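In structure tokens below, several structures.
Paired with subunit B in one complex and with subunit C in the other, subunit A is shared by the two complexes that follow.
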Partner chain A sequence: MKSIQATMAGTVLQVMVSEGDRVESGQDVVLLESMKMEVPVQAEEGGTVSAVKVEVGSFVSDGDILIELDD
Partner chain B sequence: MHDSRIRHYEEEVERIRKGGAPKYHEKLKAQNKLFVRRRLELLFDGVFQLEDGFFANAAEENLPADGVVTAIGKVNGQTVCVMANDSTVKAGSWGARTVEKIIRIQETAEKLKVPLIYLVDSAGARITDQIEMFPGRRGAGRIFYNQVKLSGVIPQVCVLFGPSAAGGAYIPAFCDTVIMVDKNASMYLGSPRMAEMVIGEKVSLEEMGGARMHCSISGCGDVLASDEEEAIASARRYLSYFPARYTEKPAPCESRQPVADAGKISDIVPDNQNAPFDMMQFIEALIDEGSFYEMKKGFAKELITGFARLDGKVIGIVANQSKVKGGVLFVDTADKAARFITLCDAFNIPLLFLADVPGFMIGTQTERAGMIRHGAKMIAAMSEATVPKISVVVRKAYGAGLYAMAGPAFEPDCCLALPTAQIAVMGPEAAVNAVYGNKIAQLEGAERVKFIQEKREEYKKDIDIYRLASELVVDGIVAPDDLREELINRFEAYADKDVTFSRRKHPVYPV
Partner chain C sequence: MKIQKLLIANRGEIARRIIRTCRERGIRTVAVHSEADKGLPFVREADEAVLIGPPPVARSYLNADAILKAAADTGADAVHPGYGLLSENADFARKVKEAGLTFVGPAPEVIARMGDKVTARRTMEEAGVPVVPGTEDLRDPEEAVREAVKIGWPVMMKASAGGGGIGMQVLRGEEELKKAFPSAQGRAKAYFGDDTLFMERFIESPRHVEVQVFADHRGKTVHLFERECSVQRRNQKVVEESPSPSIRPGTRESLCKAAVRAAKAVGYTGAGTVEFLVDPEENFYFLEMNTRLQVEHPVTEMVTGLDLVALQLDVAEGKDLALDQDQIRMTGHALEYRVYAEDPERFLPSPGTLEAFSPPEGEGIRVDAGVEAGSQVAPYYDPMIAKCIVHADSREQALARSRKALAAFEVSGIKSNLPLLINILDQPEFIRGRYDTTLLTKPLQFDKR
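Our next item is the complex of A and B:
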């Protein structure tokens, strides 16, 4: 199983995918807000979303899992 | 002279030129590597090449040249010195004469004050020869001592083709710049075998010390090349941005317009301070077409560093990339910037800062990682730089981010602002919260929203860029599409700047 992790600490502003969605490598999946900036988080590899681990307003640290993917 | 002497000489030369046994050449091919003498052909202009110590260890049948070629040649018309490991000879390992040859070519480079290039592909010390090559005055330690001494005097570049193991890993570490060949180059103090034996870790070489890792995570690598030809071409190109020594300036070349499809700067920068945009596009719209040589492209990508040409003249660019991590400065970002600024300043390469920075990262994670002490390195390096130094506030420059990007207090030759610039201790959102936090907490609903909105607008007026220009905080406001012209003229005006930063032995560096 692959996962998409937060690239920096911040608050989840928007979750752009739902369970069962197909994502491609490089696609924006979560928008974080950090240091008053919008910080898009991208999928490094493609896959199908098997779980969304955060919701709007969640605080995440660098490296926290945001989304889990199946091949 | 008797024919037999000539014949013997020719046979010896032929034997040594071939390097190690055929089976090791086969191995090179299988690894997609080139023979050391082929690498030198690719590196040098034409055939001009002088070699010393060719007959080193000639009595040892299987140690031609003692596993290293040391030569003087030309790159882009400039004389350079080179040491190049021969991995067909005992895996490029170091014996006593190998080390002596390396030290001598360093001494030559020092005397001639010419760039020194290290073509590294070596398994490390020959343990069997350790007493002769490891601990003494002219043992391997002297190589690193010399590198440190030569740092900032002449450019030192490493192209890493294979391993640089244990102590040998410090050759790249003490070079200004390390170009690594993907999949083949590696740097590590202890091999995976040793890691398993000593600390119990099971790990692959690629994961622990591979080129890709060093160019993206550790920051030990500066440029990742896909093969050896590309790596050597990259080293030649890199050197075209440098003078031969610290007392000279880089050579200009013909001016070119920015790439045709770069777009207009006025279209590239969004008005919304919080929305990311691609700073690379901004740079392309500013500089001569095809002139960007990016350093540490894969490492701390929230900051772009690289050499470019503006009207044919070399500059170094330090630019915040809001597309990655909001362009915030982290621990690694500060290191990347400090290193690049120091490199430019050492070799008289003028600096251009393009600021669009929300500040240094806050929060537990980065505080624990020593954000303050790392940030101090960047600010120190930028302060000390006495080359022509221009700071352009592209969009926001908040908090110590303004300082780190050569803000007005840090003696830039000028601090210019685009009409989109916003300079403040912090952005409007955070500032209103900080000042009116208690009041906001007492309000509710629409009243609260209205209050926040009003205060934010008030704050924005307070930090309006025309107000800051009127207070002489910035030296000027420039129309985005006139920026290239303005910078060309400014850098020309500042070209002969002559400043001594401070008289002392050396600063107490923040590390």
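Our next item is the complex of A and C:
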């Protein structure tokens, strides 16, 4: 199983995918906000979303799993 | 009227900076703070502290009513807004005045006039201050294209109500502009509550040079020379220095005169900064006027020996400026390095707990910090945690002193941009003092030692 991790600590501003969605490599999946800056997190590889581990307003740390993907 | 008790409507290093001058003058201070900031030094160092709300700025540092209530409850007679947050909010300045308090800053009408970029441009043009060729407010993409052809490609699109580099976009052709227009409107609406856009000609490889001005209530207006602010990432400043290493003496004189003219044109009072873009041929253009104290004001303090907060308080108390232009002298060279809680390579924020925080000390070194070892660097606020300011007789000596100072600056527990700052000191363009705002957009040459 593959996962998409947070690239920085911050608050989840937007979750752009839902369970069952197909994502492509490079696609924005979650929008994080920290210190007045919005940073989109992208899928490094393609796959199907098997679980969304965060919701809008969640606080995440650098490296936390945001999304799990199946091939 | 003498200020007896000052409420500081800000946080972090600038709140501490203001407290320092107040102590010297015997003014009591009131800090206001969010729940996230209760452990920070500025809360402890103020004579009184009032909790004004939860961490998000909208519910604490931008909550004008909570701040004014804190002023009333503590009996403060004046409000210093610092920089950022409510400092350039004309409604806040007006509310402070209506509450019978002294606002440390210009009149609300002046803040409003300079806050609206299109009005500011027009005012400057009328005062004979050069502005970048640009447009009035734009109605739709078709009008934007017609105007872009008139002022010349490439163009920079901006939000009329914007600031801080947010939402600015360079557009090089018709298709690109038409595509970008609706999303730029959406962003302007989301960030600034106003979707009005305008455009200016994009100046390629510009330098960003600003002039510090001061004016009293009788209209006496002086300048405190310029600051070179071209080391930027994401349109935000990283290193500033004074004097500018790259402009000719004649350009410096013209810039400073234009800045004084700009301040006079709007009936300015207090501390203000007029920002200019300077092109490779040293043509310069008015960019905007910041109607508050700047983050980088210590650079000017180091070369002039003046306390800018003290001057602000003098003007706020209705005193005349005691300084004449020819008494303001520049001695040596100063640089300021902004220490950000961020990854030095990806420029991404890095909030967390500071395990170690040990700033350098020594002759010609000043560190204005908002934090200390053990502080929480919260994700809700600006990533700047400290400013390291270095002064010496010459730029070369100041750079040598800077290398030692930054190498000795210890920060751990979070990522900081200190490695980037040290690396900037190794860049040939920076060492020569021939750099522009594109410096950090290119791959940096890495240290070969």
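The rule is short, and it goes like this: the second predicted complex is superposed on the first by the 71 of 71 C-alpha atoms of A that agree within 3 Å, B and C clash if a C-alpha of one lies under 4 Å from a C-alpha of the other, contacts with A are read in each partner's own complex, and residues count from 1 in each chain.
Simple rule for what comes next: a residue touches a chain if its C-beta (ideal position, glycine included) is under 8 Å from a C-beta of that chain, and two chains touch if they have at least 3 such contacts.
Bear in mind the structure is a predicted one, so any value in this text is a computation, not a measurement.
> For A:3, select first, second, both or neither according to whether it touches subunit B, subunit C, the two together, or no partner.
neither
> When the two structures are overlaid on chain A, which partner does A:40 contact: first (subunit B), second (subunit C), both, or neither?
first
> Is A:50 touching anything from subunit B or subunit C once the two structures are fitted on A? First, second, both or neither.
Neither subunit B nor subunit C is touched by A:50.
> Between subunit B and subunit C, whom does A:11 touch in the aligned arrangement: first, second, both, or neither?
second
> For A:62 in the superposed arrangement: first (subunit B), second (subunit C), both or neither?
both
> Under the contact rule defined above, give the subunit A residues that sit at the interface with subunit B and also at the interface with subunit C.
Comparing the two interfaces on subunit A, one with subunit B and one with subunit C, the shared residues are 7-9, 34-37, 39, 62.
> Under the stated contact criterion, what part of subunit C meets subunit A in this complex?
So the residues of subunit C in touch with subunit A come to 234, 341-343, 346, 348-352, 379-383.
> Write out the stretch or stretches of subunit B touching subunit A in their complex.
274-276, 322, 324-328, 330, 358-359, 361-366, 427, 429-430
> Going by the contact rule at the top, pick out the subunit A residues touching subunit B in the complex.
Touching subunit B from subunit A are residues 7-9, 34-40, 61-62.
> Taking the touch rule as given, give the residues of subunit A at its contact with subunit C in the complex, in rising order.
On the subunit A side, the touching residues are 7-11, 33-37, 39, 59, 62.
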